[in-house]
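In the two complexes below, subunit A is the common chain; its partner is subunit B in one and subunit C in the other.
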Partner chain A sequence: MDVFRATVVMTFRWILRDRVLHAILAVALLMILLVPALSTFSMRQVQELSITLSLSAISFVLLMVTVLLGASSVWRDIERRYLASVLTLPISRTVFLLGRFCGIACFIALCGVVLGAAAAVIISVSSAQYPSDIPIHWDKIGLALLADIAKYIMLASVGIFFSTVSTSFYFPFFASIGIYLAGSGSQEVYEYVSGQFGKEMGSVSVALFKAVYYLIPNFAAFDLKVPAIYGVPVLPAGLGLTFSYAVLYCAILLCVSSYTFSRRQFP
Partner chain B sequence: MTRGLILGALLLLYALVVVPFTTYMRQRPVALKLGYTPAGEALRLVASDQRYLLAQLAVDRVLFYFGSLFTKDGHRVSTPPEYFNMFATMQSALKLDPYNMDAYYFTEAAFTWELKRIREVNNMLDYGMKYRTWDAQLPFYAGFNAAYFSKDYRTASLYMQKAAELSGNPLYTTLASRYFYEAGQSALGITFLRAMEQSAKDAKVKKIYQVRRKALEGITVISDALNRFREARHTLPPDLKTLVREGFLSRIPEDPYGGTFYLDSKGKVVSSSKLAGKQ
Partner chain C sequence: MNAIDIRNLSKTYRTRKWGRVDALQDLTLSVGKGEVFGFLGPNGAGKSTTIKTLMGLISPSAGTAQMAGVPVGDARCRMKVGYLPENPAFYDFLTAREYLRFVAAMFGMSPQETQAATGKVLGLLELEGAADRPIRGFSKGMVQRLGLAQAMLHDPEIYVLDEPMSGLDPLGRALVKNIIRDLKQQGKTVFFSTHITADVEVVCDRVGVIVKGKLQTVNAVHELLAAGVVGYQVQVTGLSDFSGEGVEVTVRGGGILELQVPRELLSLTLEKLGSRGAEITLIEPNRQDLESFFLEVVAQGKK
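Right after this comes the complex of A and B.
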């Protein structure tokens, strides 16, 4: 357990020292600072636009952070021959991988919380200038942030999985982006092929689409921006299912990652 | 030495290009091109959770483009606007974010008065009402379009009824009952006003509904007598006093707005107050 905790702390410190991430977070804060000015472009929904811009900026930055960290963690350890020396210690590959994942997850959560706090201040300023008919639903904004954090932790597990099977940085990087885009649109495609259009397609194609739908992560469920922006109700049962799905998906993917990582030969 | 010569030559070339370039920038057409926006359904697939941002960007692009069509003194430039493209862009934006109020507001403002695309605009507003279920503005816009542009008072009254029920705003209630009356649906208007009157908390608002209901009740009583007269005599009476004199009506009801009820040239019961009196 101490070894695991040490790996998590070490990963977290390693991320905190990363200058690329410093630059990304500085740009994110700048983007959030620009929100009040950009929100005034709206004719009728300045407050709503300030929430939209803030959540979009946070989501975009978390995506960048996640993809970079998820794709680069194992690759960097191999490149710098760090892994070779660590694995000589009495530490299993699974514990090492889980430590890396948890460190990355903690950093994603920290980013979400820090950027969310900055966004809260900015949203308050914007809405004070141009009050909306719709009250600010802070609970739903918090929920949307939490869902975003869960989504990007899931994506980090995808990145780690790809980095355990690849020797290159580029494959996990672009594969993670690909899975992110596919996972964001998979629900729409699933509903499309399940409807009238699916009847006109071959049964094999429909089955293939559905298989891919169940295989890749469904990120559409984590998009709670409409409730956060417009105050539309959220179903508590759906939330429970969504977060359970995230936990289970991550757990399964980490199990598979652990298996492939344990069998891998290192130079 | 050579490097200095190359740099000097490059600076000279730059000076030669930058002058006509600045002239071109100053003289370029005022209206910017709106450009092509992919269909909303396709964009949704790739936009992930940035679709709300993309929707707003599409709306803002149309706004900037529309703004470029007018000179500073408010006159339109001669370039024909890309109206179809503007509408398609708004449709794409609303597919990405069906809650975006800017898109509905702009569509209502730009495509009704100048282009009279009332059916298309109201279809878009109907689409918005499925999502913005709390918002009275959308049925208000649709009701206004139906009444003012299409003269479809029955549809207008139903939209205004929806707006009134959502907001509790007396203005919408007054408009709804007026459109019910114009559509010959006074009985429906009375029922609606009675419901609004009961739910109103403010005494003044309650009074407004009450007066409007009494006016519609007066019109209904006269219209019923008029129908009985028409069935019995197969003609219209010359005035309302004839209805009283011949026993079809006990007395001409009072117009609570202070006017007098009379028959217009088409045989419709109207009031000299136009049901918008001193209240």
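Right after this comes the complex of A and C.
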């Protein structure tokens, strides 16, 4: 347990002392600070727009942080020759990878919570200036933030997986972005292919689309912005399924990552 | 049980153009407990491949290896091993002390043990002044010394050191040699690679020479040094002149005669000197050094 905890703490220190991330977080805070001013462009929905902009800004920043951390998680240690020092300590590669993942996941969660707290202040300020008929649903805003955090932790596991099979930074970086874009749109494509359009397509193509749909992470389920903004009810069963899916997907991907990383040679 | 046991170890790399490189070929080697073993070879001979295989960074194509009786593929094997990589690099966003704490946690050391051991190794490697500075500001020699400090932190039974003297200034080299001698006195096993024969001569019990992935020879260093004696330098006083077949004589200041005596003529020469009443003040062997031996083995291995 000490070995695992030490790996998580070391990962956390690495992230906290990374100057690129300092810059990203500074930009994030600036973006959130701009929300009240930008929200006033909507004459009648200032509160709604401030919630939308805040959640979108947080989501964008979490995406940047996740892709950078996930893609560089293993690559950086290889590129700077840290792995020769660390993997020769009595730590299994699986524990090392798991520690890395948990450190990154903790930071994503912390980042989400800190930015969420800043956003809460900003949303309160905006809605106080121009009160809306719709009350602020803090619980649903919190839920939307939680879903976003879960989504990006899933994406981090994707980045770590690509990082374990690649020797460069660019492949995991761009592959993670590609998976993010594909995963965000896969539900719509699936519904499109499953409908009338699918009947006009060849069965092989439909099967291929569906296979990709099941293979890549489905991020659409984690988008709870609309319920957060307008207070639309969210079904607890659906939520449970969504979070269970995130846990299962991460677990499977980490098992595969551990397998590939354990077989990797470091000459 | 040997500290290190390598049996028929081979490693083959596939190259991109369907070629293959035999980095290690059927290496069999044992290092006993308490032994200091020098692993000598030119660049690209397979020294680092052997060490990386021992440390689990590379899996062998064939053969087995054990350290402290545990197969090298098992992470537990490294519990009793201190490893210094070649040209080491450590998390440079950490300070030396933080890194040592991280290493201590990997070995399951308690906070008290960690504090005591950290202070001890930092002192031994003369890094106390830099202990709380980020590693990114360290010179190459300081990083090398930190590498040795982290290898010694948990007081392991076995040390595997890949080019431990690399990047060190003469003072640092002397420090490391002293540390290896101390480890030997404590009964620790040291397996270290180098291509500097002088290092082997000073600290090793045995030396193995590897060339092109094949172990060429394993010898006891004292035997090599004894076998390498080609003659003796003898200094005497009380004689104004001396002549003998095969003996070169030089007159030094202060009434000293210096004789270069071939190995096989030493007894005879000493008898002659004794009979003439000379006082012998110095007898020193002239030996072929390890470097000549090494170059000979490498030349044979490359044929």
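Rule of thumb we're sticking to: the second predicted complex is superposed on the first by the 267 of 267 C-alpha atoms of A that agree within 3 Å, B and C clash if a C-alpha of one lies under 4 Å from a C-alpha of the other, contacts with A are read in each partner's own complex, and residues count from 1 in each chain.
Going forward, a contact is a pair of C-beta atoms (placed from the backbone, for glycine too) under 8 Å apart; a residue touches a chain by one contact, two chains touch by 3 or more.
Source: prediction; values computed, not measured.
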item: Overlay on subunit A: subunit C relative to subunit B, clash or fit; value: fit
item: First (subunit B), second (subunit C), both or neither touched by A:Ser56; value: first
item: A:Val226 touches, of subunit B and subunit C: first, second, both or neither?; value: first
item: First, second, both or neither for A:Ala211, with subunit B first and subunit C second; value: neither
item: Touched partner set for A:Tyr82, first subunit B, second subunit C, both or neither; value: second
item: Touched partner set for A:Trp14, first subunit B, second subunit C, both or neither; value: second
item: Touching partner for A:Ala251 - first (subunit B), second (subunit C), both, neither; value: neither
item: Nearest-approach distance, in Å, of subunit C Cα atoms to those of subunit B in the combined model; value: 34
item: Residues of subunit A at both interfaces, subunit B in one complex, subunit C in the other; value: none
item: In the complex with subunit C, residue positions of subunit A that touch it; value: 2-3, 5-6, 9-10, 13-14, 17-18, 80-92, 263, 265-267
item: In the complex with subunit A, residue positions of subunit B that touch it; value: 44-50, 52-53, 56, 60, 63, 97, 99-102, 105-106, 132, 135
item: For the subunit C and subunit A complex, residues of the former touching the latter; value: 13, 23, 49, 52, 55-59, 75-79, 83, 85, 87-94, 98, 102-103, 105-108, 147, 150
item: Of all residues in subunit A, those that touch subunit B in their complex; value: 41-45, 48-49, 52-53, 55-56, 59-60, 133, 148, 180-181, 184-185, 188-189, 219, 222-223, 225-226, 229-230, 232
